[in-house]
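Shared between the two complexes below is chain A, which pairs with chain B and chain C, respectively.
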Partner chain A sequence: MIDNRIDYYPTHEHEGIKFRRGHTLPFGATMVANGVNFSVYSSSATSCTLVLFDRGADQPFAEIPFPDEFRIGNVYSMIVFELDYERLEYGYRMDGPFNPAAGHRFNSSVILSDPYAKVISGRDTWLAKPNWDNVYPYRSRLAFEDFDWEHDHPLETPVEDLVIYEMHVRGFTQHPSSKVKNPGTFSAIRAKIPYLKELGINCIELLPIYEFDEWENSRQSPTTGETLVNYWGYSTVNFFSPKAGYAATGKFGMQVDELKTLIKELHKNGIEVMLDVVFNHTAEGDHRGPTISFRGIDNKTYYMLTPEGYYFNFSGTGNTLNCNNPVVRNMVLDCLRYWASEYHIDGFRFDLAAILGRAQDGSPLSNPPLLESLAYDPILAKCKLVAEAWDAGGLYQVGSFPAYGRWAEWNGKYRDNVRKFLKSDPGEVGGMIQRIMGSPDLYHQRGPTASINFITCHDGFSLYDLFAYNEKHNEANGENNNDGANDNNSWNCGWEGETDDPKINFLRHKQIKNALAILMVSQGIPMVLMGDEVGRTQKGNNNTYCQDNELNWFDWSQLDTNADLYNFARNMINFRRQHPVLRSPTHFQYWDSVGSGYPDISFHGTKAWNCDRSPSSRSFAFLLCGDHAKQGIVKDSMVYVAMNMYWNGLHFELPALPPEKKWYLFANTDMPSPADICENGKESLLDNQHEFLVGARSVVVLIGK
Partner chain B sequence: MNVTSSTVEGITVIEASGSIDSKTASEFERNAIAAIQGKSAAIINLSNVDFLSSAGLRVLLMIYRQIKAQNGKVVLVGTSEEILDIMANTGFLSFFITAETLEEGINTLKAA
Partner chain C sequence: MSFQIVAEAKKIAKITLVGEVDSLSAREFQKEIEKLAAESPDELILFVENLSFISSAGLRVLIFAKQKMGTGLAIYIVKPQESVLETLEKTGLLHSVNVVDQYL
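Moving on to the complex of A and B:
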């Protein structure tokens, strides 16, 4: 064992601080024997100074200019000795030209965060009032990277078997009804794992957990007077650091251990963790925004700039990360590798991912190097990669996102088709048939696993509101209801907002059940929005990015008040988990490749084997033959689903089963709870084996066994 | 911070007091690791410890790993509510048995 090396000892001294030449790689601050290795890149800085603080101190205890001999290429590195790993906060000053037209915005009076910092302090407790005069508000810190994972390993669940639950760390348990010890934190999610397991999901997708500043753009709501904040967190301060304010132990700087402990425990329970990652822009905004890190370290490397030196705004938030610049591309890659290896993250969902396929001048690339690098990366090889395949600059790539056989997409067409079908729009049956099959019209080559199916997500109406509001009601956001999408494809079932009318309320619940049933019987990967399983409402607000209150918080008392919804959602999700025929890794072929006497999938209507796809049709049925499950490798029951979005009930003739099998009823959304669904395995034998009356706006699920 | 060790009914008991943080963790580690050499059980009495930082938690885990290598167990005694909460949130607690009193800790180890 080497316990002594020359580089364990200093060669230089500045104001009593001992240091020596450092190692250029890795970038960031790395604990080494006796000290810390600092390394930072800037293409155009003329000099760089390392600034060192004791935790929370107003002023630095040392500023050490990098001697020019320590610079190799454009990388400044040094090892500083005898630092307190735990209390150290560090940053940089970069000197260089301020010449926006040439892309440079250096300002050596600003202390800058390290783009490769692994922990950021400054917003350690959610919404704790910051010191607005802090000379260095977002401070880089060191992380211990010695977590004891024991036997944990990313789960590598086959992608077609996933049921994703999109959730917000704080919103999940912040409501007092959650009755957890540390509401709104990673730790509290851990306390609720039994709930997630019972619900049946096997992957949580967390809204951004990279460090962001909830105070960004904070203001008063004109309608409620409440403080509006950056609640969703789509505004990254640092890509490598978990949000301290989401950790119960953030005030002690222990968020890294807390998050890893959550992930380890989720994995023990068979639940994967996917992160919603925002690589399209940063929290620095446009030329009027704050200088936190990237702008001051190397503006023209990190941002897409117009020829005049202003910021391209493909993200709709002020700036655009220059992610096909080779240096930035490497940072994104380093970042994802870090999260995959250091945090055992199972997958990533890329916000506004179409931006990642744009060239440095903003034009779309046919073969984007970043997307290709991610797809072929050895460390990310088993990670799920999911694209939000559009951006705010008008690039819409659903079905055409450069996939390299790896990328899946949020299927926006699935959402739109299903919403229109549910509100009885004509002309949707043809599209629905594609959506049910995993959208082969969009993903013919890529298979159903390219399709993340969703009806609702954080952005837009909740599922309850989809059937309670025709129009958005975003007044509380303080933008005169001008923010948020207008094409919601929602239907209020006869009354805008809350009502006592039992018929309307029954219909709303039925529509929620219809939606959940359709989502769970579609090929592809279903994603459920947190709270939709209990009818969570945002009171018609379809853009709750700034609302840190009950509009966004999961109200656990709804488990009782909307017990019928929860019961239906739980059983429906578990039905999908129990029936492999619903989770084909490849597209169905419309024919019988296993000799069962039935094609893998067939479409029906009021007459068996006869599906009305005409524009006026609002109903159809399909039959999955269980012998074809997972390409014929496993055996399953026959599954028959009838969907009638017509406003009258319709008799559906049932396709004949093989003589040894009978039809059993699993779910019928037209029935009041608890007759609407049953526990898996408790399906009831149908008296009439030839025909089923499917009620108005109802979904019926049968199994043949 | 102060560390002492003793043997009670054949079991090594390490007692610390004050704050175990980056400034004091190495001293705690040195004393504790010396005291448990070759031992297959240990009690760490934290009754008089008011704060454990990340560095302090890591020393506890090192003690656990050494004892675990001998197929043994580590009991924490008298841990404050706040430290227990931090240890639970950061996952460190799952490696240890906890007891309220030294006597209870000794009985637990003897029964194991």
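Moving on to the complex of A and C:
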């Protein structure tokens, strides 16, 4: 037994605390027999001191300087004996030059978090008022790895079969209408798994859950007087630690267990977990920001610096993580491997991922080592990797993100094309045909699974607001409505904001259904924003990063008030799940490779086999032949979808089916609920098998069987 | 001390936890488990009716018990208070133990 070996015996003592030289790897704090191994890297520190606290204590109980002989290369390591694993909080003081022009900002008066800490305490309960005089506000702790996963394993769902649901942990259940025990927590998501299953999604993508500080930049709203907070959480304090304030058990330091319990339960229900990860910047901001960890441990290594020693700001948030520095690159790799292996995470979506392809001087690299390392990593080999393929510094790589056969992208062009088409802009049909097919114009070599199709996400209007507001209304953010995007491609359907006009409200609901239908019949991977299935509104705010209130919370009473939307969304999502022809792993070929008599995909219009792609066209239809489903491996029905965004109804001639098959109606957004859609398998036979009147601004889905 | 342990090291081991198991008393709890482990019991019965709080350290002792005595060990938790039950539930430990109203 390891406890009986004599490797681990104390050789040194400092004020009664026994220690010895440690292991240089792994970085971070690791439990060893009867002690803890601490290891930390700094390229330029002149000395390092380990600082130890008892849980919550104002002052440390010990500060142990690393003896010079404990430093190997630039790594300080030691094993300290007889520490209480449960109660220990630790940090470092780093001594070194303060010379910003040379990239150094050492300050030994500050106690620093460990970049490799696995748990951070200090913000244990969401918005619990912190002690602002705390000498060490974000405290590194140890994580236990004794969780019993039983037979759990990442699900490895084929990527083309995913339906992603973008969710904010707190926003999903914080609204009182959620009626769960611990609103706003991982535990509460677990209570809502039956809802997610019924909706039909099979992957949740969580907005950042790495430890962040909701109090960062907190202030009062000028319009409501409410406290504005860092709600979204795109501002990492530590990359390895789950956000304690998202766990009901965070106050006991058990957020690791609670999150793992959630993931295990989601997996049992066939739902994958993808994390939105922020490796482009940290919570330390620019030169005026707080020193929490990286800046004090090794500023020059962790950040991209201008020649004068200031911070490059490609993230729009003050600093830029120096991802293609080999040390930082390894930290990112270590971090993702840890989440994949220790938390069974199924995939990652990289915020402002274009930054990960920039060199240390900020210039874009043609073969970025970090992206290549991630793509070929043995532990991440089955994880989904998704890039937000742009950054705030003007690098836009949708369609050209270095993919190495692995990376998918948030398809910003899909969003823009579909939005313009839905509001009847001219000249969108040609683009829509590409989007429906999984954007072969962008991803010819990479296949449709490179395209994460979305119309809305956390950043921008919700789907309801897309059809209720022409302009953003961000006054509550306190920035004079100057924040947030202006190119929303939205249309308010005739009135700005809420209205009692039943015609406008009917049209808005119809547009939401049109959007959901288009999203679910497009090749590629659909992503639905939390709450869009029930018409969640942000009251026209398209940048709700700071709003911890009803602007962001999922209002569960809308399941009743907007039951027609939920019913439509649920059936439409399940339609996609039922029909493999909608989920091709490869691009369509435009020809009949299986001898069915039909090409895999064909385009139509008011005349069958005749699609009007001219600039004035606002409608088209397409037919998928079920014999080609999944490259002809499985059999499916014929699926025909007609989209008419013209302001009058149009008669669409239906393409002829093989004699043994008939056309059945699955969905028609022009009809009031419940006639707008049916349960899968209960499609109704069409009286007229040759023609269908598609209403103004409507989508019709038929199946041939 | 904030809790008591009454241990009978037969094939059935019984422990009564009273008050609060914080990180300090959890150590004593763990020592008792270590002692009991030597007897290789089939069942571990924890009477917790008067236990008002159990820290993460205390919960980890339950995991430790399984590690020490093997996964064949059946753990019974008798009459937990709501808060204790909830913590077991949220941290996923509930699946490793049997919660019962009484043990005869």
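In the analysis below, the second predicted complex is superposed on the first by the 702 of 705 C-alpha atoms of A that agree within 3 Å, B and C clash if a C-alpha of one lies under 4 Å from a C-alpha of the other, contacts with A are read in each partner's own complex, and residues count from 1 in each chain.
The rule is short, and it goes like this: a residue touches a chain if its C-beta (ideal position, glycine included) is under 8 Å from a C-beta of that chain, and two chains touch if they have at least 3 such contacts.
Predicted, not measured: the structure shown is a model, and the values here were computed from it.
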Inset, instruction - Would you mind checking whether chain B and chain C clash or fit side by side on chain A after the superposition? - result: clash
Inset, instruction - Could you look at A:Lys181 and tell me whether it touches chain B, chain C, both or neither (first, second, both, neither)? - result: both
Inset, instruction - Name the contact category of A:Arg87: first (chain B only), second (chain C only), both, or neither. - result: both
Inset, instruction - Examine A:Gly253 and indicate which partner it touches, taking first as chain B and second as chain C; both and neither are also allowed. - result: both
Inset, instruction - Mind working out whether A:Lys264 is in touch with chain B, chain C, both or neither, as first, second, both or neither? - result: both
Legend entry - Set intersection of chain A contacts, chain C complex versus chain B complex: 84, 86-87, 144, 146, 148, 181-182, 187, 247-249, 252-254, 257-258, 260-261, 264
Legend entry - Sites on chain A touched by chain C in the complex: 55, 84, 86-87, 144, 146-148, 150, 181-182, 187, 247-249, 252-254, 257-258, 260-261, 264
Inset, instruction - Using the touch definition up top, name the residues of chain A that touch chain B in the complex. - result: 84-87, 144, 146, 148, 181-182, 185-187, 247-249, 252-254, 257-258, 260-261, 264-265
Legend entry - Of all residues in chain C, those that touch chain A in their complex: 23, 26, 55-57, 59-60, 63-64, 66-67, 86-87, 89-93, 95-96
Inset, instruction - Could you pull out which chain B residues touch chain A in their complex? - result: 21-23, 53-55, 57-58, 61, 85-86, 88-92, 95
